[in-house]
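Labels for the chains are A, B, C and D, by order of writing; each one numbers its residues from 1.
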Amino acid sequence: MIRSGIVGGTGYTGVELLRILASHSEVDVAVVTSRSDAGSRVDALYPSLRGAIDAVFSLPDVETLATCDVVFFATPNGTAMQMAEQLLARGVKVIDLSADFRIKEVRDWEKWYGMQHACPDLIAEAVYGLPEVNRALIKSARLVACPGCYPTAVQLGFLPLIEQGVIDAGQLIADVKSGVSGAGRKAELATLMSETGESFKAYAVSGHRHLPEIRQGLEMAAGKPVSLTFVPHLIPMIRGIHATLYGQLNVDQCDVQALFEKRYADEHFVDVLPNGAHPDTRNVKGSNMCQIAVHQPQGSQTIVILSVVDNLVKGAAGQAIQNMNLMFGLEEDRGLNMIALYP
Amino acid sequence: MIRSGIVGGTGYTGVELLRILASHSEVDVAVVTSRSDAGSRVDALYPSLRGAIDAVFSLPDVETLATCDVVFFATPNGTAMQMAEQLLARGVKVIDLSADFRIKEVRDWEKWYGMQHACPDLIAEAVYGLPEVNRALIKSARLVACPGCYPTAVQLGFLPLIEQGVIDAGQLIADVKSGVSGAGRKAELATLMSETGESFKAYAVSGHRHLPEIRQGLEMAAGKPVSLTFVPHLIPMIRGIHATLYGQLNVDQCDVQALFEKRYADEHFVDVLPNGAHPDTRNVKGSNMCQIAVHQPQGSQTIVILSVVDNLVKGAAGQAIQNMNLMFGLEEDRGLNMIALYP
Amino acid sequence: MIRSGIVGGTGYTGVELLRILASHSEVDVAVVTSRSDAGSRVDALYPSLRGAIDAVFSLPDVETLATCDVVFFATPNGTAMQMAEQLLARGVKVIDLSADFRIKEVRDWEKWYGMQHACPDLIAEAVYGLPEVNRALIKSARLVACPGCYPTAVQLGFLPLIEQGVIDAGQLIADVKSGVSGAGRKAELATLMSETGESFKAYAVSGHRHLPEIRQGLEMAAGKPVSLTFVPHLIPMIRGIHATLYGQLNVDQCDVQALFEKRYADEHFVDVLPNGAHPDTRNVKGSNMCQIAVHQPQGSQTIVILSVVDNLVKGAAGQAIQNMNLMFGLEEDRGLNMIALYP
Amino acid sequence: MIRSGIVGGTGYTGVELLRILASHSEVDVAVVTSRSDAGSRVDALYPSLRGAIDAVFSLPDVETLATCDVVFFATPNGTAMQMAEQLLARGVKVIDLSADFRIKEVRDWEKWYGMQHACPDLIAEAVYGLPEVNRALIKSARLVACPGCYPTAVQLGFLPLIEQGVIDAGQLIADVKSGVSGAGRKAELATLMSETGESFKAYAVSGHRHLPEIRQGLEMAAGKPVSLTFVPHLIPMIRGIHATLYGQLNVDQCDVQALFEKRYADEHFVDVLPNGAHPDTRNVKGSNMCQIAVHQPQGSQTIVILSVVDNLVKGAAGQAIQNMNLMFGLEEDRGLNMIALYP
């Protein structure tokens, strides 16, 4: 059994890790830390886990965490970078669900995240944990930086076109919508049900932290600079991300549907829907799938890609465990075949 | 492997059977019928099942269904009673999720359901599928009538007190609230999102079909007539039932918390919460658990029991599979340890 | 024009006062205070009020407020009692939407609200602002204590029966459900959309602060002690309260429908629905109406009353303005005939 | 008083007309027709209108409707064109909220709406009822074709840029999201709460009927062909449309904020928010306002416009009454200053 630890077990990403790991046949959840709830039983805070998780929150402590084979960081940005080095030094693999190791250019990271990076030396080693792009690297990684939720949905949607160079990298638009759980489990006015229920809005149009991350991923795939307009929105629901992506075809002929099907033919967690379909976030709620559909309205040069994930699963905890499976030589889908909860 | 069939695979109960059975290690879903969608792939109608269910809807047909070891009826009331006899005669076990075999008194059934019963002779044989009451009978049953969703939450909440005779059976009140998926997957004005979203109401206060079913169960437990006021309500959400139950204690001293804990000590799917807790429907969403809490406000004689289930799982498909496990000698919880989806 | 002030203009009750007063032909909103947002334009915080309210939040200050004819307190409990005396002394009428002056027995108040009362001498003078009970007193009051949201729905539902003595005052049950806006505009985990959306739960079953208030009102009407079990619940929606009330008829014959219709025949804001109806909270959303329906299921002695209000209107701001109209000799419904927003 | 009639009073648009007209000081609602509910009181079907509307549904009949000064058609497409000619001949003004007279090119209309037009001769006379564009024409019109909900939000957002020719008309993108009330009050599976709640999806990406309408309006403003990609989405909420519009600036310098403020300086129902704002659909819920914000992220050439309306008010019934006010020489905002319901 793999002995796992979770730092930051009281956020939505932490609870989702617990939900999935509790049913994973090869993993034990040995340590779950929380500064605010140390000493409480995990299932006292989360009655949904009664009978499934028999653990008590402890204070985050390197000595305890070092007894694990792998430690997941489900923490606010800026925490993982404080502890990663020590854990790696003790032979522990680290899977970071926060943003600390996602951006290769440290100055960029510091600008967007508004703090100094605590261990810039590790950034180069960290592997960006999008298995559909970096599978081989992830298998041998000690430190994996899991993609953000928006970046997962957007990159998986754009990659086939970008990699083949069939769309104009100079004018990409990502109009993306997220359920409110993406804002995390924090006492804030803005995500009260009275504020977000029965309403819809865009936010951070002038610039969102996931923009440089998406751009970096697309530029790696394109092999050149890309220009991307990224507009995130808040949906009055809990789970789910829907990315509506727009690009201009720069070739005369292109069977876009076939291109997507071929690109993802061997991917377990990316499902290209039949031509003309409209993926619905409910169909991936609670599952690790990304469902994608491709459209070319009225035969124009504008390609519209629809890409949906559950922000807490393929957009966070599920993808982290997918990475863990790869890092420990397990089947990539082990423990991850949960079916979406419909209705 | 147990070869199973599902009649009526296009309702919410049918899809939920498919979701759970797809992950059940001992069962194959061999036949899924639908009059309206025969010929279509199941996962074309339900993209949430892509990759999990490889089946095509067929027309309901006794010959085909007779090749199964067990057939689930997830049909509107009045369908199972047309086919159950033939299937049983062919050695197929029948688990009915509709109301056809729930009420022992055929005249009562015909009054509340507004039709003539097609095979009244089978009613006596049918075992009421509430494992927490009828486990032994279910194990040897050929025909199981699964309880309704409201009756499951209400009976599990009242039973410990009724069985011990510590509350007045003459004045029971069940104020029960359900998510809209309980109304089924039917094109109806009343359950449009524009009609039920952001609103709350009671319905059928003058009499709901689940009233005689609950009364029958409580009277069996009490060994005498009971008087019950049952008021159902519609919650603006999809899944979940919350029963708030009121009874008058008729003994001077009674450790109600201990009584509940003892009654359900060996039950895998009934979880008595600590004293003073308030179960939340979200904590059983997608799971087969019933969570119960008991209160005695201000030390009065009025006992308040809070009981929650997912109407589509413990209130329908999950309980049906729990019954199937018992009927086929499997562990009762096989395939049923899904953890609730929170948040 | 009546010159009005609002203390605590940034909560939901405060904004709702502003929405209604902005269209009131006899009232000017002269002062709106907020400790946290002093100096900001009101419509910068609440863009829904752009073009309707031309005011800037100021710090709460007796001198400024004393220039008003009437001051509304839309503040947390414990604030109005600090300022009411001074304002009254300056000839300002005070309408308190908080709980400071609702409970006549100061010791009771201090127990339930966990603080010492700052001006117990005023409690006797304060008139409980339920116009359907205290209309005459309100007209001549200087200080009105507006009822809580739950107490409004519950008292209006029980009063006709209690006043006539036709139900057993010893076993009243109020199973009441509220939208989340009742919890106010505060950064709290418990009312995040991710926590309350798609879920339903009871809370404070052991005792809620509205219990003594409801009991006091019912006892005034009954002329004797009453015993009430009050269980509040949280509905996954924003506005609306649905009270489901249970009482035992203690007379042989009683035309309950007629009794309600007669009791409320002259009431503008209490609407008794036809026999057999089920009021829906959506039908009073944004309006000052209380809609009530009465049931006697299966001819038993148990009476079921269904009573709905918008917690922020008839349960708070609308009722406060109804009181203001009475205090200033205006028609009671002036500015209050907003029609519910459906769908 | 203006005597008004409503054909098709049982849809959401019809009820919304009733809600607004009930408070309009210059209009009487004399006739409300409904084929399905003729003979019933309007407030029996819509208890939200109790006390506000004293009318009975009648069968649609030209003789009765001809007694009105103005008739609103809140009907499915294809109905207004059957009766408009006769009513106009009788001197009745006609305001059509359906699509029958929106498209000037009859062949286009017939292609997109899949039926033959019943009175193509009237199309030329019909005035497209967007007051912000056609105010003068509307004042003297006999027949007004009210814009669709999506076209209202999209055109008001694009017009200032298109009219000034500062964006490239060849690559416009409108990513638009609507609450489910836009789908109307029809018994359909797709808009059940269990289907649309807690989920988000695009639909009709290959082509939606509002596309030719929007294109026609933008081409009128541009004076040349435009190329538009229009992707509608369904939001899990009831009311509100949020349009996120993308265009490429084709001039070096342009103070876009000033351009919008100037264009709408005299418009009562178009409110340009301060620079950097993000309009929220909740802030126009129940009101006739369109709130717009403009962004130019990271100083690129891509302009992002955010435009919100309540689909049933400015997107339908409110705009229809705004047109009526103009046609009858009333102040344009008479009866239309309802403030949005927040929260």
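Basically, contacts are C-beta pairs under 8 Å (C-beta built on N, C-alpha and C of every residue); 3 or more make two chains touch, one makes a residue touch a chain.
Every value quoted in this text rests on a predicted model; they were computed, and no experiment measured them.
K.L.:
Touching both subunit A and subunit B: give me those chains, sorted by label.
P.N.:
C, D
K.L.:
I want to compare two interfaces, A-C and A-D. Which one has more contacting C-beta pairs?
P.N.:
It is A-D, judged by the count of C-beta pairs in contact.
K.L.:
Mind checking the centre-to-centre distance between subunit A and subunit C? Centres are C-alpha means, answer in whole Å.
P.N.:
Roughly 45 Å separates the two chain centres.
K.L.:
What's the distance between the Cα centroids of subunit C and subunit D, rounded to whole Å?
P.N.:
Each chain reduced to its C-alpha mean, subunit C and subunit D end up 36 Å apart.
K.L.:
So what's the Cα centroid distance for subunit A and subunit D, whole Å?
P.N.:
Comparing mean C-alpha positions, subunit D is 39 Å from subunit A.
K.L.:
Two or more other chains touching the same residue: where does that happen in subunit C?
P.N.:
12, 181, 185, 194-195, 197-198, 236-239, 279-280, 282, 285, 343
K.L.:
Could you list, by residue number, the parts of subunit A that touch subunit C in their complex?
P.N.:
12, 180-181, 183, 185-189, 191-198, 236-238
K.L.:
Could you pull out which subunit C residues touch subunit B in their complex?
P.N.:
171, 173, 175, 177, 179, 194-195, 197-203, 205-207, 227, 229-231, 233, 235-240, 242, 244, 246, 248, 276, 278-282, 285, 295, 297-298, 300, 302, 304, 306, 308, 343
K.L.:
Under the definition above, what is the set of subunit D residues touching subunit C in their complex?
P.N.:
Result: residues 12, 15, 19, 22-23, 46-52, 181, 185, 197-198, 238-239, 271, 273, 277, 279-280, 282-287, 289, 291, 337, 339-343 of subunit D touch subunit C.
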